[in-house]
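What follows is a set of structures to go through.
In the two complexes below, chain A is the common chain; its partner is chain B in one and chain C in the other.
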Partner chain A sequence: MMLKRSTNSGYWWFLLPGLILFVMVIAIPFLMNIGTSFTTWQGVGTPKWAGLDNYARLFRDSTFWASFRNNLAMLIAMTIVPTLLGLLLAAVLYDYIGNKFGSGTASFFRAAFYLPQILPVAIAGVVWAWILHPNYGALNGFLETLGLENLTRNWLGNRQTALPSVMMIMVWFQLGYPLVIFMAGLQRIDPEIYEAAVLDGASWFDRFRFITVHLIRPEIFVVLLTTTIASLKVFGQIYVLTRGGPGNATLVPSYFAYQNFFEKANVGYGAAIATVMTLIIIVLTIIFIRRQSAEEL
Partner chain B sequence: MTSLPLKSTLKKPHQAGFGRYLVLAALIIAVLIVLLPFAIVVINAFKTPTDYASNGPLSWPSEWSIDGIVAFWQRVDYSQKLLNSLLISASVAVIGVLLSLLNAFALGIGRIKGRVWLLILFMVANTLPQESLVYPLYYLSKEFDLYNTRFVVILIFSVIQSAFGTYLLSSVFSTFPKEMLEAAMLDGCNKLQLLFKIIVPVSRPTLSVLFTFFFIWTWNEFFLPLILLISNDRQTVPIAVGVLQGQRNMEATLSSASALLGILPCFIFFLIFQRTLTKGIAAGSVK
Partner chain C sequence: MSTSKSTFRLSFILVLVLLTSILAACGSETATTAPSGSTTSNEPRTIKLWHYEGANSAMGIAWAESIKQFQASHPGVTIQFEEKGFEQIRQTAGMVLNSDETPDILEYNKGNATAGLLSTQGLLTDLSEVATQRGWDKLLSSSLQTTARYDEKGVMGAGKWFGVPNYAEYVMVYYNKDMFAKANLQVPTTLAEFEAVMDAFVQQGVTPLSVGAAEYPAQQIFYELVLSQADREFVNAFQLYQGDVDFRGPEFTYGAEKMAEWVSKGYISKDATGIKAEDMGVAFTNGTFPIMISGSWWYGRFTDEIKGFEWGTFLFPGNKLHPGSSGNIWAVPTNAKNKDLVYDFIDITMSQDIQTLLGNSGGVPVNADVSKITNEKNKELIQNFDAISKADGLAFYPDWPAPGFYDVLVANVQELIDGTKTPSEMLDAIAIPYQENRATLGK
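The block that comes next holds the complex of A and B.
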């Protein structure tokens, strides 16, 4: 007991540098942003108090709602599709390819699917912006080579195709992340459970549905949460690919905030958008923490 | 990625079935689709504009030319961008790990009062959208004459990354063997010695995972560097490549060369760090 007490004192000092910097770089700017969201401000001069005006305006702003609708599209492309595909692929690679062609083959596939994830988001955007370019892009060039000129189009510059194109790119980019996590999760499952199921006559799909999905629920939860938050923060790809256009077809909240901060000099309004985003993300994080601590108990 | 062998679940007698080759074929097609963009970037980065114009994007280069790559390199002063990215990422990795270490030492080993709340604070900070910090950071860095300096970017990302590092390391440290700590204390170790002579050597693997992640995450950052680093000689690789994308007069081969030069460093890191990364991703998902 003596020892314990003496070892527990004096640790505060070690927290000091981290905490001071944390206050400077995160806490103060964070509070300043909330403060700014209650003002009208051009970025220069004195901010004018506006109360809840910015928030009231947000709720009436069809552009803001458009950005949120597009965010749902990003949620489908970055969370739902990659999680489902990732689950299926992880199970196939682990429980089928791994058995029939060896674990090396399975590892090779995992690495290949993971490759897009190593790119900075902006570079991934550049790769695709080039492939989808209307004049010199590889996709249109490819279609022409095949004699399918009537299928060529301005993929990112066209209202109908811009959002689906961006969604496809997001799936391509994101797929490797759940795959790697799910395959890691599968490794902690006792093989005997599968063996017993096989003896009981369970088909591959039964095993997938009743064992795999069930036992890697913690991993599924982590993936769903982290990718949901990531989908709310999408910026780099949009900046490089479409700048939110054409019109607002691919506008996302993050880019909308950026526009208000740095292009339209509506700093107060931009701050309100950022605050709403933050609120959603904090709620998701709290759900996550509660769920995690519930599981640990 | 091949470093982590997968345990196979079942060793059962092979059924003669043809089905498994169908599954394999489907997977190979899926992988080819995923890898196709990389392949077209590579072959077109080495083409001449005339070759591209006459033979299209899918042909093999009629002769391998590095003109496009050289042209892009010179146009954006790529050596400088590489240097900036390296300097920023490496500094953030070192400072970020150090800050995480000190924080986690107080929280995970010292178990100081209010540690749960502090941990929640760091966790929340880690998930905050950068949009909610960006304007004040932009404004304050101008006020303090730090705008458009690599220093301010290093400082900001060190703190942002250490929020994650603190969270992860604290939970690792909270399971640190008590006997080892007590033995060191009885031997007359002070806290600084305890941290650097006992804890750091023992947790080297975790620290190197953190270092790798901080380095790569910082390298890949786009939003804050885009806003805070405006002059050409301070920009990082993703910013240089990403911003140039918007310019109209790019040729196909130049675009492709820029994409290749953006991909290459990450590919090299991937090869160097793949073991650490694989371990880290797996660990991160359980923590």
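The block that comes next holds the complex of A and C.
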């Protein structure tokens, strides 16, 4: 037992660089951010102690709650829909396309779905802003060509369509990530399990539900955790596409914090928003990891 | 002691040492180089200069020539120019100017929320004495000096000089002469005539105004309409906090209701909420819209880029007050090391030959020899500005009074255009952050 413990302790040296980086890049800035959130500060000069004022203001601020509601929409667009759709597409590509047209075709589709993930956010955002442009956008042009002028919209500039449009774009951004993870997960499932199920008369949907989903549960947890975190801190796409507008229709907390940090010289309040969002992310992460650990036991 | 314990302790000590070093490094930040005036040494010196004007813009051209002239008249001094982005300087100026990496001179955005804020933190040099000594105060009219001077609370218009503007800008109406001629329309001189012109275009199925409401342009139209009912007292109350501001008063109410009416009459498309400033300019350049209301910063570019039709400008019909001000300012950080030299540089940028070059390149100079402005269009641009300036007609920009007011206006004017908010709801929404900032400043 003693021997095992001393052997394991040797790993400390390998953890050290990560620990130092964590302290420098995460822990210290986070603690400083918490400290700043108890002050009023314009970004220069001396911060003034404000106690819990920024937090009290945050909970009264209808703009923050509006941004938070939009964040729930982002959760649907970046976590729930891509995970469900990714699961289904991964199964179809692996089971059907892969078997019928060969693994090369399945890989082609996998790469195509993954492409948005490797595009810089700014470029993808500018391209989508062009596609959805009310005057010369490709989507409206396409609808007009089909004689569907009634369906043309000011997609990103109209309060009713802005958030759904951004959600649709986020699904496009995110879909490739769960798909790739799930396809990798599917490859480690023993084919004999499927063969046995087929012999037992299980349909494709039964196999999907009782074998695929069940056996790639660890991957599903990872995807849910990482995409939830991504949706809570989404910033780049909103910045490029709508800057939170029209009105506050697509405002999200991270962009709201950015506005307070850099546009409104309201650094203390921005820090309070960032702190609350970080705490939410930490709590969700702990819940996910505990749940996953419980499942593994 | 087990190996694991000793390893843990060693790691802990290492992390502690590292943290101490980081904190020590952070602490040393305040020990910056003391500001210095002139040095007597004959050693070669280098001035660090930052600005964010494009190389082919009027200011970029004029300042490149200023650098050349400065180096010719100051042998042994090198100007190390670093081109920065507007956003880059705006978002990091506070941190940079508080460090020992500060430039000797930089172009900076004017207004309470920017230069005013930094002046209150002691990060900008008080230029009052130099401005008098070098005669800059004589070259700039009182309305142009508004953005140079800030009081102890950082509110512009009075107090010490913390910047020197050497060009100007204002909002005007750009119009497509060919489209006007084809529709047999004349340049309007009153707001009623302007509306009649726009009605005529609507009847032909043409949306008259190219508007970008996703960024600044729409709020400037709203402000033009507010100014149509305003006087200098109102502007000073709103911008300089020299009186009470009633957002439900006649000026703002007229502006918001008229703007909503312009949307309902089809002068402004509801689609404008999704259009950025760049797209607005491109749509006008392409001849899609006959009219665009925006600033003089488009002028040089339109001169270059509009090839397919004749275009011209006129001041917003009927208005005595117009959105506009000095251009951005030259600011000298408190920690600058070569202040004596940068004052010489500012002198050169204010000289008549550089100012004339700026005017001939499509900018609005503040000290040009107008007889040497060769381009007729540029002459018209400068004469219009002179007319506004002489009539004390510069009303600044609507987003200036409070930090973050820009975003408030963008969001609320968007909601006014798409009908989400009524004019009175919109006015109530923009009043709150304005009054909050005013209360914070104790004004």
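The rule is simple: the second predicted complex is superposed on the first by the 259 of 297 C-alpha atoms of A that agree within 3 Å, B and C clash if a C-alpha of one lies under 4 Å from a C-alpha of the other, contacts with A are read in each partner's own complex, and residues count from 1 in each chain.
Basically, a contact is a pair of C-beta atoms (placed from the backbone, for glycine too) under 8 Å apart; a residue touches a chain by one contact, two chains touch by 3 or more.
Small disclaimer: the values here were computed from a predicted structure and weren't measured.
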| item | value |
| --- | --- |
| Which of chain B and chain C A:Val121 touches, first, second, both or neither | first |
| Which superposed partner A:Phe235 touches (first chain B, second chain C, both, neither) | first |
| Contacts of A:Trp12 with chain B and chain C, given as first, second, both or neither | both |
| Touched partner set for A:Tyr55, first chain B, second chain C, both or neither | neither |
| Touching partner for A:Ile28 - first (chain B), second (chain C), both, neither | both |
| Partner chain(s) touched by A:Ala274 [first = chain B, second = chain C, both, neither] | first |
| If touched residues of chain A are counted for chain B and for chain C, the larger one | B |
| Contacts of A:His133 with chain B and chain C, given as first, second, both or neither | both |
| First, second, both or neither for A:Phe68, with chain B first and chain C second | neither |
| First, second, both or neither for A:Val222, with chain B first and chain C second | first |
| Touching both chain B and chain C, residues of chain A | 8, 10, 12-13, 15, 19, 24, 28, 43, 133, 243, 262 |
| Chain C contact footprint on chain A (complex, rising order) | 2, 5-6, 8-10, 12-13, 15-16, 19-20, 23-24, 28, 42-45, 132-135, 154-159, 162, 242-248, 259-260, 262-266 |
| Chain A-facing residues of chain C, complex | 2-4, 7-8, 11, 14-15, 18-19, 22, 90-91, 94-95, 97-98, 113, 117-118, 120-121, 123, 213-214, 269-275, 279, 283, 288, 403-404, 406-407, 410-412, 414-415, 418, 420-421 |
| Chain A residues touching chain B - in the complex, by the definition given at the top | 3, 7-8, 10-15, 17-19, 21-22, 24-26, 28-30, 32-33, 36, 43, 89, 92-104, 106-116, 118-123, 125-131, 133, 136-138, 141-142, 144-145, 172, 175, 180-181, 183-185, 187, 189, 191, 194-195, 198, 218-219, 222-223, 229, 232-233, 235-236, 239-240, 243, 253-254, 257-258, 261-262, 267, 270-271, 273-275, 277-278, 281-282, 284-285, 289 |
| Chain A-facing residues of chain B, complex | 1-2, 4-12, 14, 20, 23-24, 27, 30-31, 34-35, 37-38, 40-41, 44, 52, 56-58, 99-100, 102-103, 105-107, 109-112, 118, 120, 122-125, 127-140, 155-156, 158-160, 162-163, 166, 181-182, 185, 191, 195, 216, 219-223, 226-227, 237-239, 241-242, 245-246, 251-252, 255-256, 258-259, 262-263, 266-267, 269-270, 278, 281-282, 285-286 |
